[in-house]
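In the part that follows, the structures are each spelled out as structure tokens.
Two complexes are shown next, each including subunit A; its partner changes from subunit B in the first to subunit C in the second.
This part shows the complex of A and B:
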């Protein structure tokens, strides 16, 4: 039966409500071996399902993680374009790659690719992005802004502001923005944004924005080296959060800010961004391809580049890692 | 037999050397109708083949247009990367679209997609690019430069310089560069370059550069409205040019300049560009998305943007149509 066992098994467990169902009964009803059941029970556990196994009584479903499937997301959506077209798969290599394909097929503005886990999620510059199952929001958003290529960095900043506003409202946590594409809580990374695009100098053809948010992750899901620098909303807030609800809130903020951006330009976004950017006024080090630059982070240029006041004057930083 | 008749028919005609071959003999040897032969003869004529038809004697091949197929190009190539991987199809909708697919499959740097005609060739901002059969060079070049997104306009300028140098040497014609992406002779367009890319703020993932050059075109191949503004090397030079030879020369200049660019940056390219740009020092009008700007064209910014000296100061033009 292989993969086809998962959904009927889950259905049987859910139907029992608070009761147990024996391995023998499952085996008879699904026409499969006890070993196959055991294998799938363990797979569900690894996805965050808590399933009790009691000798003689059988299996009982104790906790079901939330899902970001369209039917769970729609009740939380109040938008007209962002998130209105959705594709969902439980597990994918990377939502970015799939969304690029979708965009090329003509996906409408605001289309959203959602998943529970990525097996090959990626961040800036080909870095690995850890996307453990059910523990975060891993999604890719398709936009078609009528802007020239040199304004495209503005979109990362716009999305940073939208997510910050949504998460602050939903969690009351002190989210801050780190240029160019991270959100932090108490200096640890809770969210990353990867803006990829296809275009020509005169116009962006489409943008695919990867958004990764550590929502209900516990430290144990990350490799050792990430633990000192990563955090999640659950770790910081001391409780779990509903991912579909958060996605709904993010889509709402995104739509408001994006509509405003298309009508009034980048200036309103820049003002909000500067309010949420923890690094402004501080001395930072920007590591660029050409070496390191030290200076006081002053704010944003109109294109979205970072302005650093160094001892030789104001420098415009387009691409770099920032430390402070 | 349909499309399969074309190649054997051409082979028969070529084999006759200076002699005629009767319709009846063709019909017997290719097992096809006289009508089918006539249809394919006319198709070959529309591609630039001159085929004489003499009553009683039959058909004779008088002139064969050159082709840009790999076997004709290779003798003219002296490069190690640019043009070393080639894909060729006699007719395609657009080499750009096919090269994007190829780049995604992992095409190596310098890969070149070549064709005799495009049925849906495109220029900047989705404009139509006329690519009549055998009359020009229609090709797309794949590059993978390790540069951030904001430096990508430099690549259009680099390629403009490379093509200008190659064509000046091969034709002795006074080719000039018009920012951002055209080459002109006596004010008329002879070449356009379309730089499309996929990338993120920190790095370009790949570039697909469409290069269209009117080589042996006569005015009659263009629609009425293009005739006052378009020209070809043949019209200006009073003779036809070998397209494979020109492509070989262009690949050579491209490789030299691109290698230099990767080692020494944009400055040497900028100096050459300014030498070939007909518009420098002149008053020009830049029509941007936000309106028109009038000023004296002063040169290039380090990113490849155009610097215009207006009465309110120097303005940096990133995307616009230029008139002067």
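This part shows the complex of A and C:
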């Protein structure tokens, strides 16, 4: 039993809504002792759940904290691999670093590291990713794709498409993708993806994708310099969103697209990406280590590289920061 | 989904070995099936409210994806190439993909590996980035870095030598 009791117990309490459920009924339905129930009720309380215990009536859930713990996520999962193995801690330095360690220990495909808060969340090239407590989705996903290593950059586009689809369905907000994988609403960043790979010349050992989504954040939780360039689903939507529900939806879209990608290749992903990319047909600037190039964003090459029509012809951009 | 995209899909499926192809997108589902004689059937239907399961995986490998090494934004020179080729006893760590070469994890941190540094198989020696995928390149051999062959921030080609290592 142990930890596995917590999720069905919470489910029973949630199902009762305003009513009570007796200790005896819980004990029969979960096939466990009354002492075990009491122990798990107290554990839930220590996580912030308020559970009323009334003699003769039983237990009643009074308050449910906003958490992304496995027992809150599992009811929203419809997948077979993505998100089926979960590690969760209330606060961590960085889910990305912990997921790397987990992957080296042999974590299975689709394993997900979740937290409420990162104290040293990171982006590319040592940049900081602000992850204030309970205000967003801060998670790292482990994949072991059986693809040649030089195709692996396509995964960044795949994940941006999956998250866009999930968030559009759940929020109806006009989320767009900036090449290759930033998610924007009205030009402001709502989601960043950090993809890190370990492999050999032609073989991928594992990929860790760090996904940071500003969900219920208000501007006040961000440092001054981020406010003009960042936004959250709540700021744009005018209401808060359930983070476990969003994570469940993202896992679902990811699994569908990832399975499709492994079976049929990149073309379906490319077509979807182009549909969600607001920048196509517009003039953008591509900054690289060797200077910047202006051109019209035309679409994606079959590799996932950006096709940029410049005055000297169409250039294929593999690596660049895009200004749009 | 736009008509030209559906047309393109049909063309791509037609050219491939794929026999059946299903795609869901914003409430539209496209199903393309090839008949044995080579004829195609395309059906487009609105989706049921509940999400349909992932398409079943065929047994063949994802052979439809082809990744040619394309011309990069700027051609990178390889000034030490001849020298590299002449010293066959040294191990070359080469780039596994087209991308930007980074010597350190962040602009203000020390390089992963300098000339004279000892490395083993699992030592990360650099990052090659493409489409924001950060590929941490391991030495894959045990020995001493003799030369760094690419500049920080430089665009590198598939197979381009990045480091020379004197293997133990």
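To be clear about the criterion, the second predicted complex is superposed on the first by the 259 of 324 C-alpha atoms of A that agree within 3 Å, B and C clash if a C-alpha of one lies under 4 Å from a C-alpha of the other, contacts with A are read in each partner's own complex, and residues count from 1 in each chain.
Throughout what follows, a residue touches a chain if its C-beta (ideal position, glycine included) is under 8 Å from a C-beta of that chain, and two chains touch if they have at least 3 such contacts.
Please read these numbers as outputs of a predicted model, since none were measured by experiment.
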| item | value |
| --- | --- |
| Overlay on subunit A: subunit C relative to subunit B, clash or fit | clash |
| Which superposed partner A:78 touches (first subunit B, second subunit C, both, neither) | second |
| First, second, both or neither for A:201, with subunit B first and subunit C second | both |
| Which superposed partner A:172 touches (first subunit B, second subunit C, both, neither) | neither |
| Touching partner for A:312 - first (subunit B), second (subunit C), both, neither | neither |
| Touching partner for A:220 - first (subunit B), second (subunit C), both, neither | neither |
| Subunit B versus subunit C as contact partner of A:266, first or second or both or neither | second |
| Superposition-derived comparison: subunit B or subunit C, residues of subunit A touched | C |
| Clash-bearing segment of subunit C relative to subunit B, given 4-12, 22-30 or 94-102 | 94-102 |
| Residues of subunit A at both interfaces, subunit B in one complex, subunit C in the other | 124-125, 148-150, 152-153, 156, 180-181, 194-202, 289, 303, 305, 318-319 |
| Footprint of subunit C on subunit A - complex, ascending | 78, 124-127, 147-157, 165, 168, 179-181, 193-202, 207, 252, 255-256, 259-268, 271-272, 275, 286, 288-290, 293, 301-305, 315-320 |
| Footprint of subunit A on subunit B - complex, ascending | 124-125, 146, 148-150, 152-153, 156, 180-181, 194-203, 205, 289, 303, 305, 318-319 |
| Residue ranges of subunit C in contact with subunit A within the complex | 1, 5, 8-9, 12, 18, 21, 23-26, 51, 53-55, 57-58, 62-68, 70-74, 94, 96-100, 102, 105-109, 129-136, 138, 140, 152-155, 158 |
